[in-house]
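Each of the next two complexes has chain A plus one other chain: chain B in the first, chain C in the second.
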Partner chain A sequence: MPEASADIIRPDGAEKHFGAVSMDIIRLDGAEKHFGAVRALAGVDFSVRAGECVGLVGHNGAGKSTLMHMVAGTLTPDGGQIAVRGGVEASYSVPRAQQLGIRCVFQELSLCPNLSVAENTRINHASLHGFGWRRKAADLIAAKLDEIFPGHSISASDIVGDLSITSRQMVEVARAFTVTQEPLELVILDEPTSSLDAQTAGQLLAFVRRFIAAGKSCILISHVLGEVLGNADRIVVMRDGKVVAAGQADQFDRDRLVTAMGGAEAREKAAAEIASGKPGPGPLRVRARPPRQQDGNELVARAGEIIGLAGLAGHGQTDLLLAIFAAASRAKTGIEVTAPVALVAGDRQSDGIFPQWSIAENIGIRSLARLRNGLLISPQREAELAELWQRKIGIRTPDMNNNIFSLSGGNQQKALFARALGSDAKIVLMDDPMRGVDIGTKLEVYDLVREEARHGRTFLWYTTETEELDNCDHIYVFKNGRIVANLRRDELTEEKIIQSSFGDAA
Partner chain B sequence: MLRSLLPALSLALVLIAIAWLNPRAISYFGFSLMLNLAIPIALATIAQMFVIAGNELDLSIGTFVGFVGCVTATWLKDAPLLGVVILLGSIGVYALLGALIHLRNLPSIVVTLGMSFVWQGLAILILPKPGGKAPDWLLALMAFKPPFIPFPIIAALLIAAVVHFGLMRTSYGVILRGSGGNSAALKRAGWSLLRTKIALFALTGLFGVLSGMALIGITTSADANIGNGYTLLSIAGVILGGGEFVGGRVSPIGAVIGALTLALAASPLLTFMHIPPDWQVAANGAILIIVLAARVLISRRER
Partner chain C sequence: MASLRTLLARPWIWSFFGALLVWLATIAFTGGYGGGGMITAALSLAVFTVIVGVGQMFVITLGPGNVDLSLPANIGLASAVAMKVMDGNDAMIAVGLLAALACGMAIGAVNYLLIWALRIPPIIATLSASFVIQSVDISYGRGLQIKPPPGFADFTNWQVFGIPVLAILTVLFTIGAGIVLQRMIYGRSVLAIGQNIRAAWLAGVSVGRTRFLTYMLSGALGGLDGALLAGYFRGANVDIGNEYLLASIAVVVIGGTSVAGGKANVPGVWGAALFLVLLLTMLNTFGVSVGVRLVLTGLIIVGVITAAGGQKALR
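The block that comes next holds the complex of A and B.
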């Protein structure tokens, strides 16, 4: 009998709910999720109102992605309930979410690389079929790209696999905002700017504000705290599968966010540390001229230096890093490399990780010569190397023999750093490796990079985040495959970089 | 750009070599003769292409073609209704295999390798000794002699055009190819991966049936081992035509061109080069390696 009465009470409760929160696009009450023994979400209450941009921040592994998967319908909660516009959804799913106008741009790119931009648009719109669908899909995505990213150079007939990672992210974002039959109410943007340069990221955020002003809603997840502080109306901070702080955006500032997330101290420490106690310039490690360089500018790196490569994304920074990497094993005109080199890849899924291998094996691959015992790899030495770096860089796992994918994204990136730093390389090339990594991990890695530099290692660091350049001794700004500016750390300002990136001459 | 032209280029190269060795072969009659077996090979290649589009591989297509051939030369002639039911049923079996592979997450290579013995066994049960006879309508169809252009060329154009439209231009064809490109993205967009896998395997079954029937229409009688070589020929044809084993990158037009190239390079070219039959199989393999190596070199340079 008690069971029956509970059943009778529930609709009552739902109705009351409806009256109170009719403004809510979506509301999760006590959402829980377990993955085996791991509790990813521990009873989270979360809601988004119409005409509101909610910023969601937290470390990697704090449960943000799990929560968003529930909002998008790709994961079902183990406990709690989901209500959309006040009505409780008994069997919430992806098609149901789409019907209700809820879309998601996931952190990992979810485009089909073998299809064209227009064909990828078709995948998200069941109503794009029948005669003339190709034209319709192409027009739809082209118009949205023009609206969000004016001046983009993407054609609807381009095959996605041939596009740069920046363009792919632009397509992915634009696709989420295209509308055919189903309504569009709420878009979840999970790290939407991680692969965009400053200009396109600005275009996107401006568009998001227009979207909100038109009465729609948005959830913005970003590790660039400035983006969240500057664009969200309300901010929700998550830690260990729980909401630890929530409130209007103007109640937060950078420090309060970092404290709430449980992150490390602010970055002033970094600047102070660099300024003090810097030894004089060491021996030459790298001297490189980009192939398209016409004037006398060249990149020079000495032992113990951290060299920043700045500028808009895709202006030749990665190409130069790869050329230096190649020059280390085979002589190349215009590039002089005097020590062993290791590369930390930016696109870790495609260029960094061996998906079938354990964490220890992924770390040891760059140091096989040292790990050898006769003809074979010594498992003991491999384990020692892995353990040393697990401690040094703080990879969070119970067992380094677990598959690399058992780690969260930030910890995977740490493993790639361990691979490079654990090797005999005196020069470490970093191809925007901190993309989409949480701030706690970032600060830890920055410390480690500076420490290694003090011990004589040279770092060439391409980054799309201007804040990271604070860690560098010297910054080269790239434009159209050429070095257009050469700044010392004390000369560095964001304006200078932007000026050089957009200006015609250095 | 060069890479997408490579299938056509390799076909042209083989044709030029044939024309140079034996100019008389470049004629209506010559092509009809040389491309005689190209139609079933092209159909089997298309069948293979559908599973490859979904990142799977069918190692049973050769013996399946043999099984269909045996059914065609016996039941389809003597008891057409039963024959049709068996052939449709075999397409259904393919669809079920697709469902099984998806639901149980089995490697298709293992499942289809197992099925290849099942089809072979069934074929031997139906026709223990070579024999049987193709239905008259099928013989008449395959012996069709259109004016000016030889039938195999018309058939190849037709097959390429129909499949290209179906897979590359229609809106559901996009979904089928997308399932090979990024299945997780497709699932997130609300599409059923079970359905795409069933569709791809059923299409493989359908084109396998067409291939077996076309083959019997040409050879007039069947043999349980008649299609055994088609498994590897079809895979080679897809790859030769610009397809890739993973990632949903396939080309129906390329696959048909690849099948024609293989059909021509297989025996006519080598016979004209006076290579003894004992060495033809090895020479055939060498041609395949050269063309595929050229493809890798070209695509690497374009990168």
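The block that comes next holds the complex of A and C.
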């Protein structure tokens, strides 16, 4: 993310500390929360003042989401107290939060897929009733989408289930900023850009800065540290259910944040390792031409290569991955696949997770044929596979037989990686799998992907984060369902990708 | 105490509990007379519901919208096919059973063909198939009641120490079904598809084949059931399967299988089938009229499902 925020004028820290107590929209003191034996929050002090953007960073499972649920009133703390504008609240709740103008955009998208964009907007605004409520809701959400994401292509009458995950996230964000009767003071944005491409993410962050400049407040949770550093006034770092660092944003830089979050090694290692060179190209694994491709460009992947699929979100990258996946089991014109394929889903809930099953069963499903002993699946082999990958990829759980939803979002994603990497697949397709995953987990997975590639696996990796393309040997940039550029890693720059994404088809 | 709690956490225990309660109520009414005979009769009758119930359970577990409504027609046709092939001859029993199975599997294949090729929702496809099957049955059986061979009729009524042999075989069959469900690729595939069909496809599950096999299985079990019913009631007829439409769905639901798919329960099918049969016996013993009996059956089923469902929500 470019540091475009330097010219934005913000009230400085000293001004804000002045009269801080009366300006606190909400303040939590010593907040604690336990889920069974798991201590999600261990005495956290946290506050948000009017007219500031608080950045909240930490690994998956550090307690960020739990803390935000308390601010939103959906969870009540087991210990500690909540104060609103200086006065302690004995029974803080969701209606009270709404009355105060506290809204949230949570990580797991909360729109009803069977309703239209306008109807989803109505859910939050009880005052839109009587004849023509649909029209009023449509105008409300369309105006807000135009304001935040100028040039978007979403219609208020679109059914949410038909929208791409990027558009859904845009609607989700825009809906949180719509106002009818209730006030709007504080918006919690939990990973708001995880499914957005660079352009829409930039639009959103610019809007957030305008919102703050108008005296409103915002809590920004993001794993893209540049976003937090460039947009927050104050940054709070959490680890293991505690606040480990807090201060004005200008006191932090990337390295200090990473150190405070803990567990992550420097990322220079990645570049160095790739630069160390590779053996010559292996046998052909995938040759694919997008259906709308008119020129001779096609995607070619060989054994041991990591291939990046870049470009703006929703320009045919996922479609091509799915076509390659389908071609592995049934011949398809224009696509050649020479080895077994596995896919790591990015949209976990709809494409990846089996909600009734344990972590071990979720990992084993792709490898059932190998887990058999005779005709029957061997529970012992299934447990061994799960334990092997728990160690290898670091899934944080006391028991792999627990339900998959006992894991935090990032760890669920690790289980999906384990499913694909633990299988016999020689080709692994990754559909923007790092959405909402913390940087520590990301670095671990990058290492694993490179190691697996050295052992001959082929990776096709669609990502909306330009930084991740550093791990790739070869990058194809997509626009309107076509490959418009074909870059080697040493040719890769963010400008080149943006240029190809917006330029005319080559 | 802990083991009791894990036992209570299993949804199928409630259907057995209900069956026991109904049995005790009946015994109390008769003053202890006929308790053993009642169990024997209940086991004999429950067998037929359990066999189709297991087939229906696999279909329902495939996920929302999946249900096999062609079972009654299937049972009717297969009973006629089996009796005609056996033709009152003990030597032809095995061939007749195979014919009934083949007939049921063909119906299952047609069902899936309609669902797959014409993209009709399963509920419509199996319902329309059942009208066609029924017409075929009427013209094929010509409304005649064909008698089973004596050896086959004896086999379906054979008891050892008051326990019907058919019930023992069916218990073994349901144990097998439970193993298939939890320990074989096919069963895991059914469970995965029921939870999230798209995720199942992306995880490499062969979705089409699994669904096809499931409708075939349900059809085959319907066919087998038809043959056994014809043996037990000493003759095939068109209406012989009628009560198994609602019964097959009710035992699946009461037994703790999720209507939303992805979660199946084999022991629950037995408990629910016994419960339904005993309930009917109890209401007959109490001498209530047919109208009251139907109303009470409906209310009790709703009550059991609510109780079992509430238990699930607490977990």
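Details
Heads up, the rule we're going with is that the second predicted complex is superposed on the first by the 481 of 506 C-alpha atoms of A that agree within 3 Å, B and C clash if a C-alpha of one lies under 4 Å from a C-alpha of the other, contacts with A are read in each partner's own complex, and residues count from 1 in each chain.
Rule of thumb we're sticking to: contacts are C-beta pairs under 8 Å (C-beta built on N, C-alpha and C of every residue); 3 or more make two chains touch, one makes a residue touch a chain.
In this text, all values refer to a predicted model and were calculated from it rather than measured experimentally.
Annotation: superposed three-chain arrangement on chain A; chain B versus chain C shows a clash. Looking at the shared chain after the overlay, A:Arg372 reaches chain C, while chain B stays out of its contact range. In the superposition on chain A, A:Arg134 contacts chain B only, with no contact to chain C.
In the superposition on chain A, A:Asn124 makes contact with chain B only, while chain C stays out of contact range.
In the superposition on chain A, A:Val94 contacts chain B only, with no contact to chain C. In the superposition on chain A, A:Asn114 makes contact with chain B only, while chain C stays out of contact range. Touch criterion met: A:Ile353 reaches chain C, while chain B stays clear of it. Aligning on the C-alpha atoms of chain A brings chain C into conflict with chain B at a single listed stretch, 115-123, out of 7-15, 43-51, 61-69 or 115-123.
No residue of chain A is contacted both by chain B in one complex and by chain C in the other.
Residues 72, 74, 93-95, 98, 104, 106, 110-115, 119-120, 122-124, 126, 128-130, 133-134, 161 of chain A are the ones that touch chain B when the two sit in their complex. By the touch rule above, chain C contacts chain A in their complex via residues 179, 183-185, 188-189, 191-192, 195-196, 198-200, 202-206, 262-263. Interface residues of chain A, counted against chain C in their complex, comprise 325, 329, 342-343, 345, 350-357, 361, 365-366, 368-369, 372, 375-377, 379, 419, 423. Chain contact summary for the complex, chain B toward chain A: residues 169-172, 174-175, 177-178, 180-182, 184-191, 247-249.
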